[in-house]
Amino acid sequence: MKSPLRLDIYRRMLTIRKVEEAVADNYSKQQMRCPIHLSIGQEAVPAVLSAMMTHQDRVYSSHRCHAHYLAKGGNIEKMIAELHGKATGCAKGKGGSMHLVDASVGMMGSSALVAGSIPLAVGSALAIQRAGKKDLSVAYFGDGGSEEGIFYECLNFAALKKLPVIFACENNLYATYSHQSARQSVTDISKRGAGFGVPSERVDGYDLKAVIDSCTTAVERARSGQGPTLLEFMTCRWRDHVGPDHDYAVGYRTEKEVAEWMDRCPLKLLEAELLKSGELTSADKLQTENLIKTEIETAFHRASQSPQPFTPETFDDIYA
Amino acid sequence: MKSPLRLDIYRRMLTIRKVEEAVADNYSKQQMRCPIHLSIGQEAVPAVLSAMMTHQDRVYSSHRCHAHYLAKGGNIEKMIAELHGKATGCAKGKGGSMHLVDASVGMMGSSALVAGSIPLAVGSALAIQRAGKKDLSVAYFGDGGSEEGIFYECLNFAALKKLPVIFACENNLYATYSHQSARQSVTDISKRGAGFGVPSERVDGYDLKAVIDSCTTAVERARSGQGPTLLEFMTCRWRDHVGPDHDYAVGYRTEKEVAEWMDRCPLKLLEAELLKSGELTSADKLQTENLIKTEIETAFHRASQSPQPFTPETFDDIYA
Amino acid sequence: MTSTRKIAGWQAVAEATVQAMEADPKVFLMGEGVDDAKGIFGTTKSAFDKFGSARVFDLPLSESATTGIGIGAAIEGQPCIMVHARSEFLLLAMDQVVNHAAKWRYMSGGAFRVPIVIRCIVGRGWGQAAQHSQSFHSLFSYFPGLKVVLPSTPYETKGLLYSAIQDPNPVIFIEHRWLHNKEGEVPLRPYSLPLGRANIAAEGKDITCVAISYQVYEALAARDLLAKQGISMEVIDLRCVRPLDRVTILRSVAKTGRLIVTDIGHSQFGVSAEIAAMVSSDGFDFLRAPIRRVGLPDAPTPCAPALEASYYPTTQDLVNVAKDLMGRTAPKAKAPSEERESESPAFSGPF
Amino acid sequence: MTSTRKIAGWQAVAEATVQAMEADPKVFLMGEGVDDAKGIFGTTKSAFDKFGSARVFDLPLSESATTGIGIGAAIEGQPCIMVHARSEFLLLAMDQVVNHAAKWRYMSGGAFRVPIVIRCIVGRGWGQAAQHSQSFHSLFSYFPGLKVVLPSTPYETKGLLYSAIQDPNPVIFIEHRWLHNKEGEVPLRPYSLPLGRANIAAEGKDITCVAISYQVYEALAARDLLAKQGISMEVIDLRCVRPLDRVTILRSVAKTGRLIVTDIGHSQFGVSAEIAAMVSSDGFDFLRAPIRRVGLPDAPTPCAPALEASYYPTTQDLVNVAKDLMGRTAPKAKAPSEERESESPAFSGPF
């Protein structure tokens, strides 16, 4: 494993964690008046994938898009402003938490319809291929997203055309409060790629080395014209499906279940490793943390100061 | 193989072949003013499956529904009247060739939307299971139908609930004039069942013994509460996608390709076998053929004599 | 004597569901999350608690197939209730609803019935944004074979849902999220309200206001304000868009001569257009003033609270339109100038 | 000087496609069967012959995904043309069209354009029946973010399709199957017709008839018959339902005082309702008679020729309605009796 890559991944993960915690902490102030689906606990996969991507590479996401946006390098100020419904937001306040977008870094947007953006990512890959480029496109979706028929249509099409797309399924075992086993006859989602000739793998999303290895292969496959990959990453969302809180009280899963994942937190483990190996010094760590902290504080401050959009803007951006 | 079963299958196949040929022969008279998708060449599978079903068992079909209707015991007179747009038709003239239905024998109807009736068959199976019955339900669809996402959603749901449904895919290699390889990354459709835990098999649809064996297993599985089966039957449509003619002139397939299937015609081969083994005498054969012939002639005659529906009937049967 | 008590809209939904399931043991209920702790805003919880997983069960996120599965079971005589936490999810099943549920009876020459109720909830507020806030009653109403119901008060909600579940036809039952929290007097016993009859929620003589779903509350509030200014507005709770109760609307307009239609959906190409068109044809001679529509403007739903605030029609909008209609001195309008209104957003709605 | 020749509607589609693909090398075309020998009634054949499989390719039967894939490619700046041999297949992609294509630009605050044209063909006759004969322009017109075009003559067809392909927004382009065989003079060169401007196909002074798609031909035929009886009907070819050209319609009604809207879709809850509603509001004072609509009755499409024959509106229907409007002595209507029209099928349309 190349050291700069691991440091890059670390920084991305840390950024996501810190921004998400800040969102959670500030949510009760009722200034972010939109539903939020936090990514805390699911930082590793997008951090790794984005570390292997350029801004020309494309990402499409779902309702749970914060990590994907941040990992891809999406602008933090614009994200926080968007959550605050401000005109300075990444979607000018039109989108909110479920529709984060930053075209300048290849974050192409997020759909609040489960699995709804998977074909858009495939279309992006088609465009890349038609243009003869070496870029790739990533479709993020959850275990629930794998239940929508459109996903299989996309697997078939992408394999048929050998498109440079990675189907990145973050399997956190639940759709809202419904366990995967109540919804799927075979819970190993990666088993469904074979029927379409899509190389597929189930990966422990908390095992950073495994994530890096599988992503490396998938990215190479895409860039070398060998077509799509389906990666199923086992992961865990630490907070409630929607909202800032822990959700043990709801009763669908135990605190112990989540705690076992937390014990293996890839951010914590990577940090410890990097410190131990000397790739990261305590001073670096502090500096990085402070930088992120400042960036977040600035973002929240600016968001609170930013103007609201005006009523006539409701009618902007409907047509080009 | 039990002899009565083979005779039963023979009779069903012969009926389908003869009715379809009569439809084709009479079509140019322009009295059947609706698009027809003939089943000639695809008789074996529905004949076998229906021979194993009672009238309580359910069948749902697609645009190419003639064989499914006839095999299931659908009324011939009502079918021919329906094609003639008569009030005496199986759907009172409302449906036409693509919507054959005969509730009295469990032929539950046909959808002209590719794959559109698959979930209805699964819903039927759900109702059967909920009622604690031992009946089963069959969803017929083509290779093209397997490309619709809803098919995979249905595989998952049926397997999850262990529903008594058979997914009967008639793979005739084409959707209209488009070869399967232009549309599917993996052409072995039966390979896609495994990812959902649905026992699946590709069967030579012209090998009657293989068809009988696979259907026997699937029917037993369904009746014994062990859940769904996906059967992919390789078969061939001898005529044009739509309309009464041969279609070699269109240029998407050769006469030779079709001729190779015709050489293996399961109806012809079965008839020869039955005659040879003495299960069928020449006299029986003649009698059966004459019976069918008379039935068809009567059906066409009555259809021509039957009344047209009246305009106000346009507004019947919209609501119950 | 009928005993009633005050309950909220979500409780009315829950109660109608339980009572209809008691009345007909074949009825079952399915939907994503119907059996979880929150039970679709509480609306399915009591049914799950009472009938268990044999009759109330969770679904995979496969709206297209599961809708078809519900249709298939309904055709077998097992009435199905489906729930979507947001209407948008139902668009994935559009083919099943429009090409199958609505037409299966017709295409089979009346051989089958399709008793399925598809509940869907319309989001509003707290930044639901463009994909979690739409209502599609205008789409579904286009199709013969469907019934389309939008209840208002808890009383209407319970009675209409009870009827919808017993109806042998596919019914799209659209619940505005804000109605779940509205309270009202509701009989304990099961009861039906006819599908296809509008209700005169409050009488009046100067203006008829046909209101749909949540807008019934807005219209009643506007009526109170207008009354103080000497304007008497009749409020018709439409309850059902299909079948459309033309007679109740026309009788009212025959009396008042003025019509406002207020809808939770877009005005343009929405249900209010059909009502206006119908009255402008069949009630032409009753009309003393132009028909006015008060609904969503011609834009997707924005997320930001600042934009949401002006996006939704308010009581005051209704008051203004009503006063405008009353104050109208009926000057002959001129032919429009070359300036093309369609280019001005202000033209798109009453905002 | 512009050289024109007589070509059929399907050739106009083919020609606009080829010329737009020549004009912009990024444009591509995909659809089920676009590359086969029949090439979607001939409309895609010349493009395939000319540009080959890199730019014109077949699709799996996966309408939902392939629509989304077209949207995704369009977002990348590669304008996409999709074709559905029947409109019904597009319902499988309703979520992609409504929740994604129509809203992606809006939800991203204007970051992207979505230049996709979705062609879909409306079947009629020879027993197409309920699932192969519908047009959904009223559904799509409901959604801001979409444009909805229905051409009539070959001239309109070519110019409007050429514009649609060059438009940076999602356009639903609806072709009535019978228009493919209609012939007309069409310039050889590429040309654009503006999306959102109706065309006065023939002037008149007594009645305005707004006609959509194939109904333009019916309206023009009716106009000829009416002329012989001294009635002068202006025929407006709407061309585009969204954006709706209100001004052209209002100016015409300001002149004639009478309006008929004739549509290839259902009258009830259809596009004709919006036009009637708009005129009854903004053109209230122009109206001398009730607005009448001539479209499909409130029933699914039956298969039998005997039923099809009376299902579709004819030239004679238009003539009758027009004469009725002219003969109207404007008696004050009475409030409707208790008999409920909604229970009588005869109430559902002009049949």
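We just call them A, B, C and D in the order they show up, numbering each chain from 1.
Convention: a contact is a pair of C-beta atoms (placed from the backbone, for glycine too) under 8 Å apart; a residue touches a chain by one contact, two chains touch by 3 or more.
Note that the coordinates shown come from a computational prediction; the quantities given were computed from them, not determined experimentally.
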| item | value |
| --- | --- |
| Same-interface partner of A-D, chosen from the options B-D, B-C or A-C, over half of the pairs matching | B-C |
| CA centroid of chain C to CA centroid of chain D, Å | 28 |
| Rounded Å distance between chain B and chain D, as computed from the means of their C-alpha atoms | 36 |
| Computed distance of Cα centres, chain C from chain B, in Å | 41 |
| Centroid distance [mean C-alpha coordinates] between chain B and chain A, Å | 46 |
| Shared-contact residues (touching 2 or more other chains) in chain C | 59-60, 62, 64-65, 88, 92, 95, 99, 106-107, 129-131, 144-145, 298-300, 302 |
| Chain A, residues touching no fewer than two other chains | 89, 91, 93-95, 99, 111, 113, 147-150, 153, 156, 160, 183-184, 318 |
| Chain contact graph, described as a line, ring, star, complete graph or other shape | complete |
| Complex contacts: residues of chain C adjacent to chain B | 28, 54, 59-60, 62, 64-78, 95-96, 99-100, 104-114, 144-145, 147, 168-169 |
| Sites on chain A touched by chain C in the complex | 33-35, 82, 85-87, 89, 91, 93-99, 111-115, 144-145, 147-149, 175-178, 182-184, 250-252, 308-315, 318 |
| Complex contacts: residues of chain B adjacent to chain C | 60, 89-95, 99, 101, 103, 108-109, 111, 113, 116-128, 130-131, 149-150, 153-154, 156-157, 160, 316-320 |
| In the complex with chain A, residue positions of chain C that touch it | 32-33, 36-38, 58-65, 88-89, 92, 126-132, 297-300, 302-307, 310-311, 345, 348, 351 |
| Interface residues, chain B side, partner chain A - complex | 147-153, 155-156, 159-160, 183-186, 191-198 |
